[in-house]
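Chain naming follows the written order as A, B, C, D, E and F, and within any one chain the residues start at number 1.
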Amino acid sequence: MFETAIQTFTSPVVLFFVLGLFAAYVRSDLAIPEPIAKAMSLYLMAAIGLKGGVAVAKSGIDGTVIAALAAGIVAGFVLPLFAYVVLKSFGKLDRINSGAVAAHYGSISVVTFVTAGEILTGQGREPGGFMVAVMAAMEAPAILSGLMLARGAGSKSGTQSTGEMLHEVFTNSSIVLLLGAFAIGMLGGAQGFAEVSPFFEAGFKGVLCIFLLDMGLIAARRMMDSRAVTWRLGVIAIFLPIVNGAAGTALGIGIGLDAGSAAALGVLCASASYIAVPAAMRLALPEADPGIYLTMSLSITFPFNVLINIGLISAFAAMLTGAGGATP
Amino acid sequence: MFETAIQTFTSPVVLFFVLGLFAAYVRSDLAIPEPIAKAMSLYLMAAIGLKGGVAVAKSGIDGTVIAALAAGIVAGFVLPLFAYVVLKSFGKLDRINSGAVAAHYGSISVVTFVTAGEILTGQGREPGGFMVAVMAAMEAPAILSGLMLARGAGSKSGTQSTGEMLHEVFTNSSIVLLLGAFAIGMLGGAQGFAEVSPFFEAGFKGVLCIFLLDMGLIAARRMMDSRAVTWRLGVIAIFLPIVNGAAGTALGIGIGLDAGSAAALGVLCASASYIAVPAAMRLALPEADPGIYLTMSLSITFPFNVLINIGLISAFAAMLTGAGGATP
Amino acid sequence: MFETAIQTFTSPVVLFFVLGLFAAYVRSDLAIPEPIAKAMSLYLMAAIGLKGGVAVAKSGIDGTVIAALAAGIVAGFVLPLFAYVVLKSFGKLDRINSGAVAAHYGSISVVTFVTAGEILTGQGREPGGFMVAVMAAMEAPAILSGLMLARGAGSKSGTQSTGEMLHEVFTNSSIVLLLGAFAIGMLGGAQGFAEVSPFFEAGFKGVLCIFLLDMGLIAARRMMDSRAVTWRLGVIAIFLPIVNGAAGTALGIGIGLDAGSAAALGVLCASASYIAVPAAMRLALPEADPGIYLTMSLSITFPFNVLINIGLISAFAAMLTGAGGATP
Amino acid sequence: MIETVIRKRIEILADKALQKRVTDAIDRAGITGWTIVPVTSGRGREGHWREESVMGTDKVFVLTIAAEDKAMALAEELAPMLTDLGFILSMWDVQVIRGERFD
Amino acid sequence: MIETVIRKRIEILADKALQKRVTDAIDRAGITGWTIVPVTSGRGREGHWREESVMGTDKVFVLTIAAEDKAMALAEELAPMLTDLGFILSMWDVQVIRGERFD
Amino acid sequence: MIETVIRKRIEILADKALQKRVTDAIDRAGITGWTIVPVTSGRGREGHWREESVMGTDKVFVLTIAAEDKAMALAEELAPMLTDLGFILSMWDVQVIRGERFD
């Protein structure tokens, strides 16, 4: 466990994230140009999609894969309910904001998943390639769940037809790119991937470093500018990833996943979206306050997951499989 | 031939282009930031220029190279005449627009050439390095040819002195970068290139994938927004690359090029410019309608070449040299 | 010496710089998008910081390192005094502009240093990794020195409190990123670096090529647009790097550095800032004319250093250590 | 001397994600066109924001030129959005050449 | 109270590729300067466009502030371009400080 | 018909590096907000410049909408900067909806 923490904190990926937090904290003018940040996120999604597709082309689709997909989708629908109750009661948020925040916590963060992939692989527990498909499958359900929770209150000028909403959700850039690259990986297989691997594989960790540097800057700056988040919400932003992470990991082990894949499922449950869901909420629930959901997911839960919770989840998965000694 | 088609459609490069077409078609918001797209096109030109220069430094300049250059330049001047006649008669375009479109079809598309290079190399028919120089030489002549065809009609406020025009044509960024990198490749040779090859060579295919993803998005979006292109023009945008591609390939074989280089010459003849020539036309023939020439070259001819015509041309070159069995 | 010049001029890095100068000179529209240029400069700083940190993690910090750091800081404070005297007397500049320009010449240019690193390594004289720390240490002192020289004249609305100024200087993005990456390199060590080296090491020279292409474009365009620089200032912009370069190299040899590190110290003394210091001067001395200090440092001194002076300094260092024959 | 006519120029600061709602309203109002200008940061009652496209929080200016009556109709239609979504609208008279292009 | 004077502010939406024609006209009109603002997309009679620098179809706003007479002279000179090249020009009165900078 | 009120719209062209001085002045003037629009190039008495962020020479437009009195107070406060730092300020009347947001 302690070893895990040390490993986390000497990984360049995590250290660059800490550097970003630090630079924002001392009010440095360090900034990654916004088109570059966007390009890096597209790159990471294309790379991870390709890699997952190639892995599944090799391993094939079996019962475990189907079970993992089903587990992810169910979790995506159910997790927001739990989050909603906590947010309304302990968090004292109104219905609309509770629904909006719940959608974020039921959905997933690609970058948290990618970072976890690096950390887990470094600990000898590489998640299966199919977990990328699970991740893609988990992006949307929570949005629908969260909206249903919030909609009772009605929404005026912002109302969007459900058709528009579903179209928005299934054609948003991250879903299209992730699944598209996944399909390309499956079609092209290992041979096709070999051609492009110097670009998508060799550069991957370095790009992730710079991307996390940027995420650190953005997360810390938003935290310092923000006033909308109460201490109660701050507590929830730590509590939910712990509980969801443990539940997801246990679920993963329960359906027969290996330790790495189960931990990855735990991380998906623990992570909160800060790209796809905010964009969807801005369209579908414009009355909800972005100052609340972005600050919670991006400035509290994301750093907590990257710095601490991934390590916890990995250790928990190892414990459940009795493979604590798997660390090389 | 069928094999060739399969190979084309499992190449990640082509698959990413198809993904772009698809994403635009389902109206996804996927988009490559514009400075990134521009940077990728600069990268591709620098990389291809360098590689060509290094190849020529190794092989030297002989009679074949000179013949290929001459053939390219002549084709650049002559192809627009043929295109112009077809556009005015069958296409029912006026003089100015016929001249403008003809210039596009006489000139070349760097990305089509680069994609063809990948596909041909995958089929064991790598074009000679000097073809990069041929490509650079073919960029300008068609612009002059097309303008002469269009100018009879006169052009009012848009008129640009011929001096300005020539300066524009010979200093446009793609010519300067292509030939500049070519010269650097020749001066630095294989040794100089070795230092920078991890960047310019290893990343090449991956960047091409993302760039073609973007081209797919842009081509399909333009097609869906456009109303200026009639069915007659659509037919011409398929007919010209077929005829020009076959003619160029035959010409290449005729002057003694190997199958790969001849196919590359065919692809250059078949491809239509959508970067350099539109920019030149906007300055020199501002009355011509960009809605026509961009949609034809970018949204019809470009996808047709990438998805189908490169394969046809390659097979044709193999047939002409009796080397159909060269595919490994 | 002649050999050195040849080597310089067949290095792709330098050739791309020359291509940039040429393209701007013929008024080509070639341009690197600005977010890309910014990203490349962040990349170069992160890469060089990491590499330096890993090197120091291996070699440890000894007396030589301390001496080099001290030498750099002293040089940073002292060089502006000399420059100021030359600028006021021979250069006929007023007090404020003399102080502003002097700050630029006392500080350093990261890109000049990086280019020198490539050239020196190519000549078998790789500078020690700790020189990155020396570079970071030399960025700020000259700013303070230059301001003290200029401030006697008083500055009206532009005045900034010294506290603000110091904060600005120590949190500017290049210092934070350089030192942050240096720290990450030290913490992660060679093992951590191995994970990210495909990105930060393999791409390095290629990125430097494109960055220097852009610097060539910017330097030449600024030169052609500029009217603020007299012939006297032009002479100074060549004279200062020669004298400062020789002095810095001699100082380096004097405190016991190897030839490569001493040459690197010479290059740091010879180089003039065109990123950090102009930004600081715009805030602290807004009455000073950017047309003067940017044109001198960027359009005269920078090309002179890259094309000629690095070669001279390297030869001088070799001479001083009697190791002229070290070139392989 | 060249003849100019008076039209209204309207400028709406909107979330990029919601930009389509504004331009759809312009299209519905029968106005001939619109233009989007990027915006990098700002401060209002809800505090400071920066361009953060990764998170989808950035804004744009939507500009359009129209005859007075259509401009007022557009303002009327957009008014509820201004309140609910925090958009900002300002408009003023401008002289244009070839006024028929902006009817 | 600080003194302000009235000048004309002119705004021209032009193709990036043809921007130099506009700024050359401004220079010829003897106006002291101009500023370029980027534009990301738009819709007009010719349909919708997006910033597509790779294909060279993007546009910019050219802004300039000038005394009334020079502004009108500029509008006069630019009028044919507006028609032929589809540029858009609008202008209005603004108050400026230190008016001599904009004569 | 929807009701509009008149406010002043102020536009300041400033160096990006010095933008904070302008926005601080706006905050001090008690104005409710401001918005930054990027600028890519320009020409003035000091010659031509291009966006060169690497070298820190780029500029921005700072826009703000305020009641007349606050606008004039802001102009007054910014006047010395205009002269010393070469900033440009122009302002004009605009109609806004929900004027209380811009007091």
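Keep this in mind: a residue touches a chain if its C-beta (ideal position, glycine included) is under 8 Å from a C-beta of that chain, and two chains touch if they have at least 3 such contacts.
On a predicted model such as this, the values are computed, not experimentally measured, just so you know.
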Starting at chain B, fewest touch steps before arriving at chain F: 2
Set of chains adjacent to chain C and to chain E: B, F
Third chains touching both chain F and chain E: D
Equivalent interface positions on chain A and chain B, same or different at half: different
Separation of chain D from chain E, taking each centre as the mean of its C-alpha atoms, in whole Å: 19
Between chain C and chain A, distance of the C-alpha-averaged centres to the nearest whole Å: 41
Distance from chain D to chain C - Cα centre to Cα centre, in angstrom: 46
Chain D: positions in contact with at least two other chains: 37-38, 92
Multi-partner residues of chain B (at least 2 other chains): 33-36, 38, 198, 202-203
Pairs of chains found to touch, sorted by chain label: A-B, A-C, A-D, B-C, B-E, C-F, D-E, D-F, E-F
Touching residues on chain C, where the partner in the complex is chain F: 34-35, 37-38, 41, 156-158, 214, 218, 221, 225-227, 274-275, 278-279, 282-283, 286-287, 290-291, 294, 298
Contact set on chain B toward chain C in their complex: 33-36, 38-39, 42-43, 46, 50, 167, 171-173, 176-177, 180-181, 183-184, 187-189, 192-193, 195-196, 198-200, 202-203
Touching residues on chain E, where the partner in the complex is chain B: 15, 17-18, 46-58, 80-81, 84-85
Touching residues (chain side chain F, partner chain E) in the complex: 13, 37-45, 59, 61, 72, 75-76, 79, 82-83, 88-92
List of chain E residues in touch with chain F within their complex: 1-2, 4, 7, 9, 23, 27, 32-38, 60, 65, 92-98, 101
